[in-house]
Amino acid sequence: MYVAVKGGEKAIRNSHALISEERRGDLEVPELTVEQIREQMSLSVDRVMTEGSIYDRNLAALAIKQAQGDLVEAIFLLRAFRATLPRLAHSLPLDTAKMQVQRRISASYKDLPGGQILGPTYDYTHRLLDFNLALDGMEREQAVVADQGVDPHLPRVADVLNHEGLIEPEQQGAAQEPFDLTRQPMSFPASRDQRLQALARGDEGFLLALGYSTQRGYGGNHPFAGEIRLGEVEVWIQPEGLDFAVSIGDIKVSECQMINQFKGNAEHPPQFTRGYGLAFGHSERKTMAMALVDRALRAPELGESVRFPAQQPEFVLYHSDNVEASGFVQHLKLPHYVDFQAELQLVRQLRQEHQAKQRDKQQAASQGADSAQAPSTASQSQEPNHV
Amino acid sequence: MCKPYSGYNYAYLDEQTKRMIRRALLKALAIPGYQVPFGSREMPLPYGWGTGGVQITAAILGPKDVLKVIDQGADDTTNAVSIRRFFENLAQVKTTEDPRAATLIQTRHRIPEMPLQEQQVLVYQVPQPEPLRSLESSEQETRKMHGYSEYGLMQVRLYEDIARFGHIATTYGYPVMVNERYLMSPTPIPKFDNPKMHLNPCIQLFGAGREKRIYAVPPYTQVRSLDFDDHPFSIQTWPQACDLCGDQHSYLDEVVLDDQGGRMFVCSDSFHCQSRQQQGHLGARQRQEEQAHD
Amino acid sequence: MTEKDWLASLPPPLLQVEDLSFYYGDQVGCLDINFQLYPGEVLGIVGESGSGKSTLLNCLSGHQPPSSGRVMFDHRQQGLVDLFALSEPERRLLMRTDWGLVRQNPRDGLRMNLSAGGNVGERLMAVGARHYGHIRGQAEQWLGRVEIASDRLDHLPTTFSGGMQQRLQIARNLVSQPRLIFMDEPTGGLDVSVQAKLLDLLRGLVRDLNIAAIVVTHDLAVVRLLADRLLVMRQGRVVESGLTDQVLDDPQHPYTQLLVSSVLQV
């Protein structure tokens, strides 16, 4: 007797067992530890923390291990975990001017107070595979420690420009509680806090491509990398009922202030404008892309015409989240038998009707030839069939 | 091995979130067909796989409930199994395949063939809550169109179908007017199921997790499928009956048997089909097999 | 009959513009515009680009609230109302029923992915028409009036020539039998011979249907053929107004004189 395909609990259970096996790989090879991932895959950890919206290196490393190194899947794991956590407070705006800087560069000034600090970067490496890394126990290079520490107060480039009024002032939005994208749905027109949150959580690849598109003429803003800095900043919260703020610890962040040309309009004099990017850990590419897109999205507010994808808030913000995108694209794997059946039936019917029409046309043509009468309108007068 | 579900609240979501969702549900029931934005959470299953429906079910599920989960009309499709197991593990809820025994039915793409009753809740998984989205991509604009009841464009789409094909060529996700006020997407159920929404005694709830919208059709509410006076709405029919249970009035799935065009048609609603067979209704294939045994 | 008596015997104006000004920041878009438009009357607004005529059109057609002043409209149900005191849904309804807007580029005024019939039928369906056969019949009739063959009814506008697209746009606007239609450079992108044909058609339609129209253009030949009265705009202000023939044949303002003399007489 025919039995309909059973998806079945057993198949699912077996599939789970199989991924567990695949994840472990060859048993001859020692198992990766979460600590190893945390310490040696730190840039992956940083990306997963940023787009997963939790600052926790151990959880991010665990998610990467569990997802077999699939970062989008790891981000999803962190997000789903995050959704179950209580929301206790929101922090005060980070004061990145007080950052303990590990890296700080500006592309708009040759030198500036505090100097250019290269820090750790792949920028000037030659991208040659280093086969030494494939060997065990190779001694690592040691960086030379400077005689004196980094100046604890490095003014930000944007602040330097601000003194002259050459750049638009930073918006102070701290008075009311910031929008929380993890608790409220996006609404349009999207305020800046909504936008920046969505971009910070947004997929690095998507933002990179959009930022790139603005450089290639799909919404150019003549950007300069005003300043990129990486380092530890203190997080402060102001508990309800207290009139002073409390420090709850340090986090490592990357920040990018993109400076963009702006010709001015009736309301604003010519001035540089800002695009802003911020991410957990060392996530430079992400923050730069984010800053470009942030600026592009400000087109309407600055009176620029909105012509390109990167300038359209609904397009960018609705499609930047890789947890949403990945889920919906992959939901096409779910059965769609019912809808497919409906379409199948329709296409068959339309084809039948088409054939019938053609037949009628041919008949009409041959009749016309036989009797030399005016062409029949049979094809038009035929009543459409109903389902 | 430690259970991965330990340490989570009953039915996964915390009580604050459940309350937030229930408030959205009440609002949705008060304004039939209106899409209520809600603070959708990331769930441990992917967006597009029923996160909206799962959040609604999690928000209203209680220990006395009996849950049925179907996908494409069947209880045993992989995603239905996965979601059922989720609630078995996290809420220890009793489950059933019998729609009459269920207090809560979560569904994707079908409405059960057996009529539902008062006191029952049907929760739909919604991939795209906005029926106007394919015509207007801007959310700001579609919200205005709903606000002002500007639905002419949807009618124009149906007009174009008839102009091109001779009849309306929308077969699933067929747009409906709820209570003569809001245009609503019935989710990708086949239009065959649209009439079941009309004046249904049960509560119909719709959850779109990724799009962060909830909407509802309260019991005994008018649900009208859009059409033209001279091209009235009609549902799918089949020349065949179900090959297993012989039903001539249920929605059929086509099962391909070989690559020579061999196929059979069986009920999409697996429970409906099985119970008919148990009652002694036999389809053409079953009868053949019985004769072969004789 | 004195002129006063004669004015009093006229029907009330359809559109009454009072001290309308619009500023872009501190830049003048248009300044202190006053005029009245009567049912069935065609008003031409001419000027070079940058003269403020498009800004004025945006305010008049309800797309841009003026910085000051009012646009009063003789609403079918409510009588004389301030356009911008209407609620947004009321204004949107007005725009797709009693008003029409013919844009310079038919691509902006048509739905290029809908058939000609769908384009014309949209306004009917927007106000509740639900009989396919009737909608189609009306669409066909309107296509006929703008001289588009009925066998093009199911074709997409992308398959139409520029002149046909513009005629389709006109049919799409007229199907709801509006009392007022705005036209923004209606012959803008067309060849001279096609322009002449379109103007001829338009003139016939507004006369036959007794539609009032406001035609914004830089092309004096267009208003010569279509408009009863003219406003000449320069730097946001109306510098001269009057009957079309009077303004064009005996211009008083130096700018109008310049404008008229710069056109080759034919």
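In this document, chain identifiers A, B and C correspond to the written order of the chains, with residue numbering beginning at 1 in each.
Just so it is clear, contacts are C-beta pairs under 8 Å (C-beta built on N, C-alpha and C of every residue); 3 or more make two chains touch, one makes a residue touch a chain.
None of these values were measured; they are calculated from a predicted model.
Averaging the CA coordinates per chain and comparing them to the mean over all protein CA atoms picks out A as nearest. By number of C-beta pairs in contact, A-B leads over the other of B-C and A-B. Chain centres computed from CA atoms place C at the largest separation from subunit A. As a whole-number value, the distance joining the C-alpha centres of subunit B and subunit C reads 48 Å.
The distance from the centre of subunit A to the centre of subunit B, with each centre set as the mean of the Cα atoms, comes to 31 Å. Counting only residues that touch two or more partner chains, subunit B has 162, 231.
Within the complex formed with subunit B, the subunit C residues making contact are 88-89, 92-93, 111, 114-115, 117-118, 121-123, 125-127, 129-133, 135-136, 153-154. Those residues of subunit A lying in contact with subunit B across their complex are 1-2, 4, 6-9, 11-12, 76, 79-80, 82-84, 86, 182-189, 314-315, 318, 323-324, 326-331, 334-339, 341-346, 350, 353, 384-387.
Taken together, the subunit B residues at the contact with subunit A in this complex read 8-9, 12-14, 37-44, 46-49, 51, 71-74, 76-82, 85, 108-110, 127, 137-140, 162, 165-167, 169, 171-173, 188-192, 210, 212-213, 231, 234-238, 243-244, 251-255, 264, 266, 268, 270, 285-286, 289.
Within the complex formed with subunit C, the subunit B residues making contact are 144, 147-148, 150, 152-153, 155-156, 159-160, 162-164, 227-231.
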